[in-house]
Amino acid sequence: MATLHTVNKSPFESATFETCLGLAKSGSTVLLIEDGVYAATTGNSAADAISNAEGINFAVLGPDAKARGVESKLADGIKVVDYTGFVELAAEHDTVQAWL
Amino acid sequence: MKFSIQVNEGPYQHQASDTAYQFTKAALAAGHEIFRVFFYHDGVNNATRLAVPPQDDRNVSAQWSELAKENDLDMVVCIAAAQRRGIMDADEAKRQGLDADNIADGFRISGLGQLIEAGIESDRLLVFGA
Amino acid sequence: MAKKFMYLNRKAPYGTVYALESLEVVLIGAAFDQDVSLAFVGDGVYQLTKGQKTDDIGQKNFSPTYSALGDYDVNKIYVEKESLEERGLSLDDLQHLVWEDEDEDWAEKDSIRLVSRAELADVLAEQDITLSF
Amino acid sequence: MKFSIQVNEGPYQHQASDTAYQFTKAALAAGHEIFRVFFYHDGVNNATRLAVPPQDDRNVSAQWSELAKENDLDMVVCIAAAQRRGIMDADEAKRQGLDADNIADGFRISGLGQLIEAGIESDRLLVFGA
Amino acid sequence: MAKKFMYLNRKAPYGTVYALESLEVVLIGAAFDQDVSLAFVGDGVYQLTKGQKTDDIGQKNFSPTYSALGDYDVNKIYVEKESLEERGLSLDDLQHLVWEDEDEDWAEKDSIRLVSRAELADVLAEQDITLSF
Amino acid sequence: MATLHTVNKSPFESATFETCLGLAKSGSTVLLIEDGVYAATTGNSAADAISNAEGINFAVLGPDAKARGVESKLADGIKVVDYTGFVELAAEHDTVQAWL
């Protein structure tokens, strides 16, 4: 089964992102939302963790990145979605797991 | 597709309720069904009708009430969590001997079984919290 | 057909309400005849520590409730090994949770399954519904 | 010594209000003065009189009200934070055209200046939050 | 005698309310004629990023308020260098905050002081009152 | 001036404890309360951080450690206080800073 994981915490203040990566299986998708979007920016340890996470797809909620002024700093290869795209991801995957 | 939504945080303090609202709105716009929105933990605080936020800010509770009205949403507030935190409808306030209630339009108070049922009956359950 | 329900517990008790209100859902949910599992990951493992005494902080001690889960047929309790180790804990620091197997003449069995991160990832990936606390 | 206390989280969801309460009680018992307890952010949710927690659990709001009564505490709820979250006294509810209020005994609603004043007038200001 | 007030900001904007409600205290506090400083540490540095556009999340964009702080005589704004670096940010990613110095014929000066962790520790240790957000 | 720092987050889930240690000066005291008490237990990375923090005094709120069942696992050399002791620490130091 393919899971959509949502992460809403900053990787620099909380262990949530790391915990999610440790338990997400190959073929699943991690969607970064709210303060989680900072993990999708370049030039930091979270960007390294993302490049090293083989087989996992990453997406970021555009409205949250835009609100925080980091839209232009998003790493390449991370899919940007709006709320409609979030709904589509939830429908396309078999289940959704929130990492709170 | 049939979605249910769980909201675990109150308005303003965390973005969880805002994100849940935007997701729900987008799902409805895409033609999906929302089986239920369940408010748990501090999420029950979304159900107050006494909030008067600044004019230039959104009114989180009123947004939910309006969305429920337009789309005939079933918005359930967990009774145990609501009693701890002081969210009351008229019946419950009366039963508890309280002199006021504060629930907003479109919310109803019920038990945790409604959350489990939402999980069973929906194709997807999404949890928004902190 | 029963759905697979996972209650994923990642927060320490008492500092926040999530552990207590998660238990409340588990107890209510037990009546619905679904395929129920609990997982304790990260600080969630602290929920199961022995010897909690809450009198001095003025909160209710809800830790005895975990030992009642077996009576509700909730007996798949996954604890992540790495989370324990990172915190300097071992299984001996946790409550001994058991259930009685009706199919084997009510033999008492352990409810806690100590699993590696990789094993837990497999368990999580099989769930239909994950409630996160 | 003169202490002031700031409480940033609501009851139950976080332990902050419990710890603030225990600290305040201990400070009073040790003969210190509490200049003011200021409730900010979700801390304003401590000021509801509509909470009815389970019999075997503490009633956080009622504990504060009782402590205030016994010790003549000045407990101030930030008006801006309270309006966002639906904590109202009778006057404010009337002014806003609301049909109910929910503030508990011993709490008064006022401005953020009261927090700054507490910082200026007290020997120590302690912040409890999340 | 004026007290030294420090507003310590450690949380990102919009995900939680603390950044906004911290600003509200700073603006009210400015009327009290105390010795005011702000510090941005950890994710707090994200509060000052340029180009925040909140229309799509339905929240009010309060970031323009930071540029008004100079008019309230709030002009000691400490940003921790290490926090920026750990996040892949530089001063160029932040708003350019200024104030006008009455004593020097209203010369425009920078409000942001980029300091090392060690320097910030010294600043924090001098405060009478620290309000944490 | 001597500062009393309070930390109420677990060192394993939040960066708060680490941030506090990075900014606390020699001669100050760090009081671990609520979920922060786990940092005072032995056999983990937080215990190492505490032994390496020279010149900083550590205290732990006993009622919180007891509630969480970790009273017997507290590291040596960390002072255990009750709420009255917390009040005393606040009075003895020049100022109190909460790391939330």
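Residue numbering begins at 1 within each chain, and the chains themselves are lettered A, B, C, D, E and F in the order written.
Assume a contact is a pair of C-beta atoms (placed from the backbone, for glycine too) under 8 Å apart; a residue touches a chain by one contact, two chains touch by 3 or more.
These numbers were taken from a predicted model, which means no experiment stands behind them.
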Hey, how far apart are subunit B and subunit D in touch steps, shortest way?
1
Pair exhibiting more inter-chain C-beta contacts, A-B or A-C:
A-B
What's the chain with its C-alpha centre farthest out from subunit E?
C
Look at all chain centres (mean of CA atoms) and spot the one farthest from the centre of subunit B.
F
Roughly how far is subunit B from subunit C, going centre to centre by Cα mean, in whole Å?
27
Measure off the straight-line distance from the CA centroid of subunit A to the CA centroid of subunit D, and report it in whole Å.
38
Multi-partner residues in subunit D (2 or more other chains touched) are 12-13, 15, 19, 22, 41, 57, 80, 125, 127, 129-130
Can you pull out the residues of subunit A that are in contact with at least two other chains?
8, 12-13, 15-16, 34-35, 63, 82, 95-96, 98, 100
Shared-interface residues of subunit E (touching two or more other chains) are 10, 14-17, 42, 57, 59, 128-130, 132
Any two chains that touch count here, so list every such pair.
A-B, A-C, A-E, A-F, B-C, B-D, B-E, C-D, C-F, D-E, D-F, E-F
For subunit D, which residues are in contact with subunit C within the complex?
12-15, 18-19, 21-22, 56-58, 63, 130
Footprint of subunit D on subunit F - complex, ascending:
6, 8, 33-35, 63, 82-84, 86-88, 90-91, 95-96, 98, 100
Subunit E contacts subunit D in the complex at 3, 5, 17-18, 21, 24-25, 28-29, 31-32, 34, 128-132
Per the contact definition, I'd like the list of subunit A residues that touch subunit F in the complex.
12-16
Contacting residues of subunit B [partner subunit A, same complex]
1, 3, 8, 15-16, 19, 22-23, 25-27, 29-30, 32, 123-130
